[in-house]
Amino acid sequence: MKNYFLYIWYISAKDIQVELKKKELLTLTTIFAITCVVIFNIAIDVSAQAYIRVLPGILWVTIFFTAVLGLNRFLSVERDSGNFESLLLLPISRDILFLGKVTTLFFFMTIVEILIFPLFSVVFNLNIINISIILISILATFGISVLGIIIGSMTSNTDVRETLLPILLFPLIFPILLAAIEVTGAVLRGEEWAVYGKWVQLLAIIDIIFSIVCSFLFTHVMKDY
Amino acid sequence: MNINSKYYLFLTGIIILFDIALITLFAPTEIIMGDVQKILYIHVPNAWVGFLFFFFVFIASVMYLITKDIRWDYFGQSAGEIGVVTTTIMVISGAIWAKPVWGVWWTWDPKLTTSLIMWLMYIGYLMLRAYSSNQRQGATYASVLGVISFINVPIVYMASVWWRTVHPEMIIGPLKESDAGLTVSMGFILIYSTFAFTVLGIFLLVRRFQIQQLEQLSR
Amino acid sequence: MISKSAIEISNVNKSFGSKKILNDLLMTIKSSERYVLLGSNGSGKTTLAKLLTTLHVPDKGKILLNGNDSIKDAEHIRSFIGYVGHNSLLYGDLSAYDNLRFFSNFYPKFDFEKQFDYLSHLLNLSHLINQKVNKLSHGERKRVSIMKAMITNPSILIMDEPDAGLDSNSLDNLRNSFFPDLVSRNITVFMTTHNTELAISIASVIGILHQGQIGFETRVANQFLEIIKKYKSMDTNQS
């Protein structure tokens, strides 16, 4: 049991170590996120008073598309370099491998979020560095990572790879996005935990359900690698 | 029980024709909405069949992963294909009904939102299988997605309900599209229509399943 | 009943899409035997090797490694096998040392430094162990892969065409250094190759994979040349 989390950490730490050397994925996804912010700002032309209504949506849509980009790239590299295969040969169960990859993606996304949250605060002149928003971000990012890794592992093995991922992923993370947008909006409007707390609880439950189910299902995805 | 026998085709046909007759000839015209209310006799049964067949997709997915019997995959694919059509009919008929009654083609109320998300998940389920490199892998991948997608349905519904409770000003029209003012005869026709479409759906499901089996044998 | 066979394959079938690759295949490898499988390109050697590593799962039939079922006990099996495949299975941006250190974390404890030193000398890599793997030549990378497979003291070593694309230095090292060491260890070996000289130098059993089954097989050393002749004539017959 002690080894379970240790092994998850080893796998994730190795990915992080390799990435921190190259910094390719982090750079790409951060620049992409910044590009999204700019595009949305141009596309949604509202006055400063309306910022509070559009920021939550723009923030989380940006994070969603950044996640898709990062996921596609991450899984492509894993597959082409043979990393996945070498990890599949280890005497560990598939759910350890799954959660290791989920942790890696979670970590990468968190770094990107740490970089772009302040950017959002500055561009929209609204402070989103807030404990509740941070909490919902952690939960949402974890949920997106769980679903992203399992769906992405399947789509990266098909002919259409990158194109299919957002189509399959969006309906599944729809509740996660909704929760994140609602909480971000509620906090910005100054509402109380009593009002938006249930979204946080919903997200926590979603995370628990999907991490258990998907860990289980990952074994099937990895047959016949 | 040979589904190919004309008997079942005939029977299903009669059941549907009877339904059409009921809807067009016997259903009373609703006072407020007028004739357009009758679209609900198409919309509601298809909604029910859509959700039922999504449940079938879930069962097929679970059973395939457990037994690895490819026939469960045929079953899932057939249910998925019919379910997509059914859900599409439901969404379109809902829009046709909504425009004159609510003034808009679409609104994000929980049932519609959930249906749309379900429609997207259906499509994703079929696409993933289609784009997989071989049949076995397609079956495995689709089954995994089928399980995850079905678990997502109640979560989506709950989230949508909360979403709309928070922003009631966004809802145009009542939360329930089937009005409280259902007379006994309307209720009967609604139930019968649901039965009729379920029969049609199951008939098509079995036929589609058999065609798939034949397709595989011919390879 | 204690099974003396290290690998037992019974009635294994494997298809990819509509193509049937392995067809009711039967094969038994006893403990400490070194089985070399010959077979033309596309005959299914890699598929068979992958089935043994648990990366692939048979459609029908059973595979037992040291008595363990390849589906039910896959995790346990992976703790006592070593695999050398077509991919190097190494992190390119890390050194041989860092790579092996990482993978060893997941195995039962053993004396890593001692094993590492021994193997790097054996495979003539001592001067290269701290270089990034993607800076090594193909042959050097293959030897590091072999190190990775061997460092955890596997009881079964599975090698899929280890000689493919190797330069003469690496080939010599395999022939003169690594293989003799392998023979002295009493490890069970399963190897696929096209190189018939290499086959003879290490094999205690030679088999030919043909049309999804073990077409010919012999454990008798003085029949090896015969079976190789047979293989060569089959190979030239197939386009």
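Order of writing sets the labels: A, B and C. Residues in every chain begin at 1.
Keep this in mind: a residue touches a chain if its C-beta (ideal position, glycine included) is under 8 Å from a C-beta of that chain, and two chains touch if they have at least 3 such contacts.
All values derive from a computational prediction rather than experimental measurement.
K.L.:
Quick one: do these chains touch in a line, a ring, a star, all-to-all (complete), or other?
P.N.:
complete
K.L.:
Which chains are joined by the largest number of contacting C-beta pairs?
P.N.:
Summing C-beta contacts for every pairing gives the maximum at A-B.
K.L.:
Of the other chains, whose C-alpha centre is the longest way from the centre of chain A?
P.N.:
Of all the other chains, the one whose centre lies farthest from chain A is C.
K.L.:
Quick check on this structure: which chain has its C-alpha centroid closest to the centroid of all protein C-alpha atoms?
P.N.:
Central chain: A.
K.L.:
Taking the mean of the CA coordinates per chain, how far is chain B from chain C in Å?
P.N.:
Here the centre of chain C sits 52 Å away from the centre of chain B.
K.L.:
Taking the mean of the C-alpha atoms as each chain's centre, how many Å separate chain A from chain C?
P.N.:
39
K.L.:
Any idea how many Å lie between the Cα centroids of chain A and chain B?
P.N.:
31
K.L.:
Counting only residues that touch at least two other chains, what does the list for chain B look like?
P.N.:
In chain B, residues 133, 136 touch at least two other chains, as defined above.
K.L.:
Provide the list of chain A residues touching at least two other chains, using ranges where the numbers run on.
P.N.:
223-224
K.L.:
Residues touching two or more other chains, restricted to chain C: which are they?
P.N.:
none
K.L.:
Would you tell me which residues of chain B are touching chain C in their complex?
P.N.:
Touch residues, chain B against chain C: 133-136, 219.
K.L.:
Per the contact definition, I'd like the list of chain A residues that touch chain C in the complex.
P.N.:
7, 10, 14, 18, 21-22, 81-83, 85-86, 88-93, 223-225
K.L.:
What part of chain B is in contact with chain A in the complex they form?
P.N.:
By the definition above, chain B touches chain A via 65, 117-118, 120-121, 123-124, 127-128, 131-133, 136-137, 140-141, 143-145, 147-149, 151-152, 155-156, 158-160, 162-163, 166.
K.L.:
Which residues, counting only chain A, touch chain B once they are in their complex?
P.N.:
Against chain B, the touching part of chain A is residues 147, 150-151, 154-155, 157-160, 164, 167-168, 170-172, 174-175, 178-179, 182, 198-199, 202, 206, 209-210, 213-214, 217, 220-221, 223-224.
K.L.:
Once bound in the complex, which stretches of chain C touch chain A?
P.N.:
That would be residues 53, 55-57, 75-79, 83, 85, 87-94, 102-103, 105-107 of chain C.
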